[in-house]
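What follows is chain A paired twice: with chain B in the first complex and chain C in the second.
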Partner chain A sequence: MALHAQAPPSTGRPLRAEQQRANRRAARRRKARALLFLAPLLGLNLLVVVGPSVATVWYSFTDWSGLGPATFVGLDNYTRAFGDPLVRAALMHNLIWFVLFLSVPMGLGLLGAFLLSQITRFQMLFRALFFIPYVVASVVNASVWKSLLSPTNGIGHALGELGVPWIGDVAFLGDTSTSLISVNFVVDWHFWGFVAVIFLAAMQGVDPELYDAAKVDGANRWQQFTAVTLPGIRPTVVFLVLMTVIWSLKAFDYIYVMTQGGPAGSSEVVSTYMYKVAFSQYEAGYAASLGLSMAFVTALVLAVYQLVRKRGWEA
Partner chain B sequence: MTAPTLTRPAPPAGDAGPRRRRREPSHRPYYLVLVVLALFAIGPLVTLVFNALKDNASIGTSPLTPPTELSLDNFAQAWTQGDFATTMRNSAILCLGTVAGVCVIAGLAAYALSHLEVPASGAVIGWLFLGSALPVQLFLVPLFFMWTNLGLTDSLFGLMIIYWATDSPFATLLLRSFLIKVPKDYQEAARLDGASELRIIMRVMLPLAWPGFLTVGLIAGLWAWNEFFWAITFVHDPALRPISTSFLAFQDQFSTDLALTSAAAIFMLGPVVILFLVLQRRFVAGLTSGGVK
Partner chain C sequence: MITTPRPSRRRFLQGAGMTAAGLFAPGLLSACGSGNGSTGGDSGTGTVELWIDIQGEPNQTYFSDKVIGAFEQYQSDIDVKVTYYTGADLRKLIQTALQAKSGPDLVRGPSATQTLAWSKADVLADLSSYADEWAWADTLVSWAMEAFTTDGKLFALPMRVDTLLMYTNQTLFAEKGWGAPTTLAELEGLAEEAHGQGITPFGASNTDWKAASEWHMSAMWNHYSGPEAVYQALTGEITWTEPVFVEAVELLRSWFDKGWFGGGAETYFSVPAQEVGANFGNGTVAMVPQGVWWMSSVGNFFGTAANNENEWDWSPWPALRDEVAYPLFDLGIGGSLGINAHSDSQDAAAEYLNWYYGDREAALQRMADVPATYNIPIQFDAAEVPAGIDERSRRVLDGLNTAVDAGNYGYVTWTWWPPKANAFVYEGFEKVLTGDLSPADYCEQMDQLFQEERTAGDVPQIISRA
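Coming up: the complex of A and B.
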């Protein structure tokens, strides 16, 4: 046990061979012990994530149904995915989702965070209220908004009763032209408070002297925001933009609960489509190729993030 | 990959000065917009509470207004019809098991990554970041196949193992950031006294890093309670459903009975919101550092 307290062997002192061997043994034992502590984490990761991920790579080249044996079919699944109009439609929906999911929560989050950073009283209260929808379960949020967006007793209906034109009879979730943006709106609603809190923390890290300098130069609040706040929180903005790409690709819960991808596929995204392919159509091999492609895009985005960080464009 | 680190909100500098106080009235429009934003965030959940306290007739005539008289009938009816005694018990088992497992698994790993000599520790940390950002679609189907063969579908334990595996990477990184602040001298002093590694964790690390464990426990518990995707895919037996998927089934079954489904939603939302309001700082700190997920 006491060996652990020794300094690492590279102290530069000349050591006798026996002592060196003993030190190496001790170092090996220390490493083995460290790995023992990591073993539950790595073991579970291997069992649940790595193993099945490797299996996905193999299955993506087969015609596997999800149960029986799998036959190697080469790149068939991938060529099929490229030609599949449903994949194309789903990707298009993911793209629309991304644009909305990037602009709405970011805009509201920036607004909320900036306002919070300017006040002192009730800051914690507002922060808590903004954040609450984020901690509420997706199934609950989805169910609340399902009734609020309903054409018979929702907000639109109430506004229609008050005499607001058009909105009274819109079935937001049941109409092919509004289903996707309606679900996205609900996701934005539950998410923007989280973004606001992240931005607020970043804004509080901006050097107050920069604001004083801007004020001396006669900058108004808006100019201070664009010249000091935004550049000051740029790393956070870059991070959130790239994560939004990943989150948009992963979008699943709310769509699955609120529209199941419908009506008529109008809110189908890649992850809900892949789920159907795997568990309703029993084409697990094809689903595997879609899942692997999603992971590939995600890894690409993370690589870009690393690159941006290393190059220091954001600092 | 590193998430931008979040520091505890510092009191805004210089706001208390007399110079600012003179400008106080100009903050009024800020508060106005903040109140509008707060109503936007909370309003829908408030109407949920309203509906849970009303009957369907009054919801039908005025769906968005407060109840005129308080009635708890909906709660009693939803509790029995949705069998919430069973689903709450299932979710409680899941939450406690997940929290305990994640704290142990991530605690051991975080201790190794902060105080022991892990070979290629940079690669391990990198993998933990990457692993928690990758979409679950990457391993979903073969995992389902394997779990079916192992008899781990339709099992709370089988679901718990998945939660352990998917939550632990994030928990490890978070706990590591707490443990790394514990000076190495403490650990070495304990070792010289002949303490074993496990004893060091229990007697030195835990008392010093308990805020980290509390945060990780809260987040893992919240995720287990709210989790829906794995539960709906891996547990189909109604007697074993956790609250999220049983609420969904309940809501589909009574989709026209808004009063009843709203009361059921309160069962799921209530404990979370109360716990959040009590331990707000810890929830916010934990969830914002887990932004990768």
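Coming up: the complex of A and C.
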């Protein structure tokens, strides 16, 4: 109070105002410096992401062949996409792919992570073993599995020779009823270990005292898993579910290498169909409309995710 | 100069520098990857860039030494910088680069109809003036040149003559006392006998190359429906819905249904081509219907390299109807060579083309050295082919020359069909095999696409009937 009383009231306000102006100048400088650092990346992003994205939007309204000039055709590509039975079939395959891709690796990943979390010896070894298929290039994995699934020289054939019934002459990739599931099996095989390692890392972040408390309450392993582990890793689960949805819509490499969408379109997904339309049939405009439609679906998924986050489900 | 697609540190830094500069400079995409050596201008000198899909080190070494090396020795003012692509789909890479007004100076293009699509987009230079200057019409066969000419513009040169053959395991044929079938009855008789003995009559698979089905449909339409009918359909006189085309599809499907072709549809869709080759070499497959290009690799499945003592040979496709001539060779072009419309080294690139097609001695030596790979469509007599050529390769060259002279030639889908109809030939055929599409509906849907594209001018000039 004494200090306030001693300070001349006439000079206090200008000093504070000057200080505030100085603070604002410093803040502006900091922002400018930050923007300066961000500018190259922002410029690069504009060039290689935003530019092509805008171009794709434009081409989706044209009859562009992929080369040369393009003519505006309005919504023709989109109306065609809605009526295209091949697009509908591909979307259905995407849906089947999503269900399998969401359930199998997630289930196996959770189980693997939980089992790994219960051991200390050889945990690193198993983690590495689970992870290895994920780091091998998809083209390599797909090519190897294509040979392994050969009906005349693959695993099934070998098992059949050993007397295992049914499996000996199954053409996993050549039968329209098994081709999509077979490719998905290979993708799940390569992916579940990655999911397991991610879940394991999340599980290690769960407070051990919660498990102790559960044990005191008489919870068995399963109850500990459902009542402590799962709620504890919920943000990771939500994130992986989101990524799985996006990856399902982007599924391409394994299908392209192993079946190229065949036989007879039985493993065709939207991305492989889009690729054929763009490069084999020279209808890049139509392919762009399909790509944008898929991007729209992805955006919807992201919007739902954001909604879920806002409602606090993730936390 | 030979490179692979692995960038050096210096090149990486150059690229990074270009990227940074490009942030503030318009047209960066056009500049990217245009090569740093296209400096020839219109002098016919400088560096010419070529991207090519030659697989395997021995083949690349041969191309580097015997083609590029020989050219650089002949024309020391021009440096050809080759980038080999293995495993990548080169056509799509080049197409994307051309659209960005970038890419190689010398363009290794796809089939005639697809190269025509590139030409329509004005990404290929007009070679007409070079053709006039160096009289390429006197060097190359006319039908192959015409396939790459539209509205008086020569937009590329044909890279390799393709045809379809029936490869045979000659040792197996000798053991069984079989001869090369020349008629449908002989072919089906042989197939039935082989199948009865546990031998797959026709080794085939589309697992590694989905478009393999178009080889078989090309053969069926030419050797069953006949080249006259195919010509009439290609020129719009008749449609693809004629019974003679539908019957050809039905016949091929019946071979699949019997397990003769590829062991049946499901194995055709799922057995890797390498395995088919191995089975052909060890005699569990009797014949392989394949393109002439396979001649350069079929030997890998025979002899000491494959742990067997078998030998292979080939014969023309049999005549599948009495009205069709035998032998009949299906004509096609395996790719093209053109010049980038946005190249700074067009004259130097043209110099290379002129040497590649014009030096007959070197061209014939290449044909003799590497089976079927360098069969460029130049005019020559059989007697001019150097000694030392594999007898089977010589027979292909002789057969093709004779067939063209006699008018006994057909038309392969990947050269004469427009892109959408061409893609449908092999995509739709899978549905025929799985029972999702009847042969009649297959022909009708193909015809719809063909007529649309024909109206749009997407069919190249068809070699007329002699």
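The working rule: the second predicted complex is superposed on the first by the 278 of 315 C-alpha atoms of A that agree within 3 Å, B and C clash if a C-alpha of one lies under 4 Å from a C-alpha of the other, contacts with A are read in each partner's own complex, and residues count from 1 in each chain.
Please note the rule applied: contacts are C-beta pairs under 8 Å (C-beta built on N, C-alpha and C of every residue); 3 or more make two chains touch, one makes a residue touch a chain.
Not measured: the values here are computed from a predicted model.
> Will chain C clash with chain B on chain A after the two structures are superposed, or do they fit?
Superposition result for chain B and chain C: clash.
> Quick one: classify A:147 as touching chain B (first), chain C (second), both or neither.
It touches chain B and chain C both.
> First (chain B), second (chain C), both or neither: which does A:17 touch?
neither
> Given the touch rule stated above, what does A:67 touch, chain B (first), chain C (second), both, or neither?
both
> According to the stated criteria, A:173 is in contact with first (chain B), second (chain C), both, or neither; which is it?
Second partner only.
> Of the partners chain B and chain C, which touch A:216 in the superposed model: first, second, both, neither?
neither
> Determine, under the contact definition given at the top, whether A:162 touches first (chain B), second (chain C), both, or neither.
neither
> More residues of chain A are touched by which partner: chain B or chain C?
Partner with more touched residues of chain A: B.
> Considering only the touch criterion stated at the top, classify A:44 as touching first (chain B), second (chain C), both, or neither.
In the superposition, A:44 contacts both chain B and chain C.
> Taking the superposition as given, does A:276 touch the first partner, chain B, the second, chain C, both, or neither?
second
> Which one of 204-212, 240-248 or 258-266 is the stretch of chain B that crashes into chain C?
So the stretch of chain B colliding with chain C after superposition is 240-248.
> List the residues of chain A that touch chain B in one complex and chain C in the other.
In chain A, residues 40, 44, 47, 66-67, 139, 147, 153, 279 are touched by chain B and also by chain C.
> Which positions of chain A touch chain C when the two form their complex?
Chain A residues touching chain C: 40, 43-44, 47, 65-69, 139, 146-147, 149-153, 171-176, 179, 259-260, 262-266, 276, 279-282.
> With touch defined as at the start, can you tell me which chain B residues reach chain A in the complex?
Touching chain A from chain B are residues 1-4, 6-7, 9-16, 27, 30-31, 33-34, 37-38, 40-42, 44-45, 47-48, 51, 59-60, 63-64, 104-106, 108-109, 111-113, 116-119, 124, 127, 130-131, 133-146, 161-162, 164-166, 168-169, 172, 188, 191-192, 194, 196-197, 222, 225-226, 228-229, 233, 244-245, 247-248, 251, 258, 261, 265, 268-269, 272-273, 276-277, 280, 283-284, 287-288, 291-292.
> Can you tell me which positions in chain C touch chain A when the two form their complex?
Residues in contact with chain A: 19-20, 22-23, 28, 87, 89, 91-92, 95, 98-99, 114, 117-118, 120-123, 206-207, 210, 263, 265-272, 275, 279, 419-420, 423, 427, 430-431, 433-434, 436.
> With touch defined as at the start, can you tell me which chain A residues reach chain B in the complex?
1-2, 4-5, 27, 30-31, 33-35, 37-38, 40-42, 44-45, 47-49, 51-53, 55-56, 59, 66-67, 108, 111-112, 115-120, 122-124, 126-141, 143-145, 147-148, 153-155, 157-158, 189, 192-194, 197-198, 200-202, 204-205, 208, 235-236, 239, 243, 246, 249-250, 252-253, 256-257, 271, 274-275, 278-279, 284, 287-288, 290-292, 294-295, 298-299, 302, 305-306, 309
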